[in-house]
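Here you go, one structure.
Each chain gets a letter, A, B, C, D and E, in the order it is written, and its residues are counted from 1.
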Amino acid sequence: SSGGAAGEDGDTIEVTFGYIPDFNGTSLLAIAEDQGLWDKHGVDATTSSFTNGPLQIQALGTGDLDFGYIGPGAFWLPASGQAKLVAMNTLGRADRVVAQPGIESVEDLAGKTVAVPEGTSGDMILTLALEEAGMTKEDVELVPMEPPAIVAALSSGQVDAAGFWYPSLATVKEQVPDLVELADNTDFEETVAFPTAFVAGNDVVADDAEKVDAVLKVLREAIAYRAENMDETIELTADFNNLDVADVEADAANVEVLDLAELDKITEDGTVDTWLSGMNEYFVQAGTLDAPVDPAEYYTGDLFLKAGE
Amino acid sequence: MTTTQDTPRTMTDTAKISVRDTRKTFALQDEEFVALDGVSLDVADNEFVTVVGPSGCGKSTLMNIVAGLETPTSGEVLVDGKGVTGPGPERGVIFQQYALFPWLTVRKNVEFGLKVAGLPAAERRERAEHYVRLVGLEQFADALPKTLSGGMKQRCAIARAYAVNPSILLMDEPFGALDALTRVRLQEQLLDTWSTEKRTVLFITHDVDEAVFLAGRVVVMAARPGRIHEVIDVDLPYPRTEDVRLSPAFGELRNRVWRAVYHQTADH
Amino acid sequence: MTASTVSTPTPTKNGSPPRRRPGKRTTLLLLNTVSVVGGIGIWWVLALSGLQLPTPPEVLVKGIELWSDGTLMEDLTASLGRVLAGFLLGSAAAVPVGFLMGWYTPARGLFEPWIQFFRTIPPLALLPLVLVLMGIGELPKVFVIFLAAFLACVISTYQGVVSVDRTLINAARVLGAKDGTIFLRVVVPASSPFILVGMRVGLGSAWATLVAAELLAAQAGLGFRMQQAQTYYDLATIFVSIVVIGILGLAMDRLLLLAETRLTGWQERR
Amino acid sequence: MTASTVSTPTPTKNGSPPRRRPGKRTTLLLLNTVSVVGGIGIWWVLALSGLQLPTPPEVLVKGIELWSDGTLMEDLTASLGRVLAGFLLGSAAAVPVGFLMGWYTPARGLFEPWIQFFRTIPPLALLPLVLVLMGIGELPKVFVIFLAAFLACVISTYQGVVSVDRTLINAARVLGAKDGTIFLRVVVPASSPFILVGMRVGLGSAWATLVAAELLAAQAGLGFRMQQAQTYYDLATIFVSIVVIGILGLAMDRLLLLAETRLTGWQERR
Amino acid sequence: MTTTQDTPRTMTDTAKISVRDTRKTFALQDEEFVALDGVSLDVADNEFVTVVGPSGCGKSTLMNIVAGLETPTSGEVLVDGKGVTGPGPERGVIFQQYALFPWLTVRKNVEFGLKVAGLPAAERRERAEHYVRLVGLEQFADALPKTLSGGMKQRCAIARAYAVNPSILLMDEPFGALDALTRVRLQEQLLDTWSTEKRTVLFITHDVDEAVFLAGRVVVMAARPGRIHEVIDVDLPYPRTEDVRLSPAFGELRNRVWRAVYHQTADH
């Protein structure tokens, strides 16, 4: 990586940053670009769009990316040592277990066809909901599907239920107005959170403290800006991704944006570690993770706090 | 022997094949090439007509039109009084370039037309056997065309055309690739079948001897543009034997045809 | 015709047996083996040189594991069934459609734009539409594969049909054959090299589309397993699927080649 | 040789101009139009009948919108560049490789297993590997497309090479031509119908692989846009991408066909 | 006139072409088919040898072996004392089935060999022009083979072989598809070039007249298995004129060749 002196004294730090083009994944990058935060901290950032987390993690591993963004479904990857979590971002409020009209409860799902995008937050919420009802995935007819296919399948009644999310569910509701919501994120607040986060390559964190620090400074300032200027952020995000403002707005409506103070607090008081432990348990149960891992091994909260000093 | 009249138009209704004022042009680069111009010819039932003429004068084109494989640019062709709109199994064709089906053995090639006609397998096989033997290919009945010599391919094509037993035979230099003895034998066989089975034959050749030896009438074509230059009646008795071939009348006719073919400009 | 026949050389049975070249086949097999071993070697070296790849033994172990717990067999059966059905139907449909297009201008005018259009559409993009129209059973999966095989094969068949030597068609017509017979007995054999190219390409497309097809609510299948493994970043399983798909594809291709040798042996060629 | 020459008919310029058939071309175009209009009609009916499809006007509006804000142009340029580069490189590589395989047994033995193998691997499955080897720039995207085009084209070229009439090769050899000349001046023209089939199929594969290629960290491109729109289930944008890809693919295919007509006009065919 | 000896082995070192005890077999279904058996033949420099024999007796096979296109099963072929391992431009070949490049015009077909030899474009064009005119195809120089008649295709193939000016000409029934006049003209031209430019010619024909008229020696082949039956010296003076053709010596030789070809079994 291009070392050189950090900060304001002229030399720039080159950073490659991966993202997923939705509100969670893009809003901070859009702010950083618009507010000139990169320049301010001497960073020359190149952003690359990806469609999922695992591919970004792989690119982190090969050194093609320095930083990336992942959703909750991919948290087991840093947990298994493939990358480091460098900053928490937002909390997802978009995930639902939905069912066709007539199905009243999670228990009713027994034997029904349930679509799920595997390894995503939709998968997580379905698993949790089933678990809470004393069931497992074995009790339903599980059909793994791609997200666009789920929209089509729900709308046309090809499946009975799904573990899925907004804003795509809004499209389904246009076709099936009385779609039943059987579970949402808040039902599991106590045990499991659905955070999104930024990740960095193991090598970057180990060898390039300056770079990590500069990027975290940018992210922190952007986080602060976002919490205070939601409307502008939505516009910036829409602009960054060439999307309709309305689409992004709908997306943002299901996100719990955390402000900087809050993030610092939950990092300091161990709330984040609790979330991560909770998620680890889930991943171990789901079979993606072999054994629970101490969050301290892959969440570099200290660096996040240090960047704010 | 078949007698034909000099003015074909008057006998149209009895003609087996009637070519009327036919013209055929091809686009050649930006020019138009006239392959046949104003060709009229009537062939009576059971007549044996040979066609001779210089290379490229339109012999094959004329035959293709009668076969129904090419449409004349103007004029029309009647067979049995009906306009020709396409090929049909009653007009057997032997192409100048054999056109064997390369994926079929000799036997299967010969059987092709019989299969199309819906003959039962046993009869098909028997008939094919007969014609394959007739052209001397019985040892090669199961060989593919690519393993045959030039003359053997030609004989296979002959057997294939004979097998469907067409009432009209259109033959384009059918014996061109054969050695003299094979040729003489096949000529004799052809005349034999023609006289016993009452066929109408239109036979293209570049061999003047052959043209006279086989025909009741020799059509001499000319080039630039392709047209009928002269029609010469051959007043020799059938069956044509070696004696006929050696007779002075034969020699004279042969010379007459030769002159007609090769001194056309002088004659005009 | 008279009974007198024309003499021709007879095949002579002779002392020495025909000298067959011992080895084009053996040489080929040997070279194939060398090539495969070499390829695996390169893979191994790449894997050891720090690239994020599983090594051949790792994949082998994973494969054995998947085999012994029955997963592999289940996936294999499911996928093979889909691919075979889609591929066979696709090829079978491509031949007559290609003939219609090559032979009849109206058919060509009507079919061609859509065939061209769908060929450029990624199968992934078709999934939602197919799902809406056909549900989530086996039908849509087989259909996606069918479409891939059909589209690859039909272009080739069409070209084969228009490339058939006109003199052969004329020869059939003067023997009394009508369009149907000409199609079956002349056009199909004459264009069999093209049809077989189409089938080989179509077979490749069929397998390559398997993953897309199994994104559609599959419970088992090599593509499904691969997709699932990708989500969980399980490279060894991905490689097992890839290798199995490759081997199955190769085996089916060999069968096609065998058919080809039998069907186009009449060609005069190298 | 002596100066005496052989007489032959001369082309005669004649009164009436050559009668050209007025309309195979026009008929085809007309039928194409009918077919496209009919297809759009079916789409419209499907959309109105409650299927979750955007109607043609909706897609048109979206298309105009994307066009006027420059997105469409940007995507189009990015994708077209990738497809063209991948497709041209792929075809260009396929012809000599196909020749080597058809002509030299060792080349065939070495290449064939891998070509067959990769043909059955879904491009999606290759992404992780390509990413590891080539990073996330333009190179891996073009490579994935290159591979698709190459693999589709090489089989066809190979078949073309082995199907070349042996007598033509012999004719060239007795005129003193060596392998290189025979390849360029006999094998390539003689197998041009096969090569063009390969290129047409390869072109289809190239476009169909675009989405997979642009999953790899693209900033613009029709496949990328389609993927992004899928996240928001923005069907109108998806359809704009599909239609544009289809139209571009169709246009490039027509260009190939034009080339074909010029290159294989010597064939005697329907 | 070329004089040749009856025992070819003694003149091997001076022979232009030397075929030694050559055997060629093809696999035919499960049998082995012997196309050539123990064929030995020496052709001296500047000799004109014609080959006749019944259809399928192995004439084309022999020619292909001399051309280097087929490998003999046993035996060997020397040209200029060196073993033949493949074709070469010093041995021009005219194939029985033309083998024109269908994607090239007549002119380009004729230019092909010249291009391979690396001649500059202007010279190439001039030479091609000359030979195209020689065979009477100047009006069709820019036509594609598919638009030519059978005889015109054959003439194009002849021009193509002549154009590279090979020292040995191997011709397989080159005039088979030509009408008599064109044929006579091309025969005369061929003899003319042969005598002025000192070529060695091996010429296959099924026309006994042609074989005697052209040759210094006629090789008569026999079938089952393909072999040389008899070699007949033609002691007629060159240039061969119409007078020669009408001379009693010619008639006698012709009859002798005919008998050799067609009464082989009787002779044995």
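Here is the rule we go by: contacts are C-beta pairs under 8 Å (C-beta built on N, C-alpha and C of every residue); 3 or more make two chains touch, one makes a residue touch a chain.
Going by UniProt, the chains are B, E = ABC transporter ATP-binding protein; C, D = ABC transporter permease.
Not measured: the values here are computed from a predicted model.
Counting steps between touching chains, the shortest path from chain A to chain E takes 2.
Contact tally for A-D versus B-C: the pair with more C-beta pairs in contact is B-C.
When chain centres are defined as mean Cα coordinates, A lies farthest from chain E. Put simply, the C-alpha centre of chain C (ABC transporter permease) and that of chain D (ABC transporter permease) have 19 angstrom between them.
With centres defined as mean CA coordinates, chain D (ABC transporter permease) is found 47 Å away from chain B. Chain A and chain C (ABC transporter permease) have Cα centroids lying 42 Å from one another.
Centre-to-centre, using mean CA coordinates, chain A is 84 Å away from chain B. Annotation for chain D (ABC transporter permease): residues touching 2 or more other chains are 6-11, 51-52, 128, 132, 167, 264, 267-268.
Contact of a single residue of chain B with at least two other chains is seen at positions 28, 54-56, 97, 152, 155, 181-182. Among the residues of chain A, those in touch with two or more other chains are 58, 62, 148, 151-152, 155-156. Across the complex, chain E meets chain D (ABC transporter permease) through its residues 67-69, 86-89, 91-93, 95, 97, 99-104, 112-113, 115-117, 131, 133-140, 144-146, 152, 155, 160, 162, 164, 181-182, 185-186, 188-190, 192-193. On the chain D (ABC transporter permease) side of its complex with chain C (ABC transporter permease), the touching residues are 24, 27-32, 34-36, 39, 51-53, 102-103, 105-106, 108-114, 116-125, 128-129, 132-133, 151-152, 155-156, 159, 161-167, 169, 193-194, 196-198, 200-201, 203-205, 207-212, 223, 226, 238, 241-242, 245-246, 248-250, 253, 264, 267-270. Touching chain C (ABC transporter permease) in their complex are the following residues of chain A: 54, 57-58, 61-62, 76-77, 82, 113, 115, 118-119, 142-146, 148-149, 151-153, 155-156, 158-159, 288. Of all residues in chain D (ABC transporter permease), those touching chain E in their complex are 1-2, 4-11, 167-168, 170-177, 181, 185-186, 189-190, 192, 264-268. Contacts from chain A toward chain D (ABC transporter permease) in the complex involve residues 18, 20-22, 47-51, 55, 58-59, 62, 64-65, 147-148, 151-152, 155-156, 167-168, 171, 175, 241-244, 247, 251.
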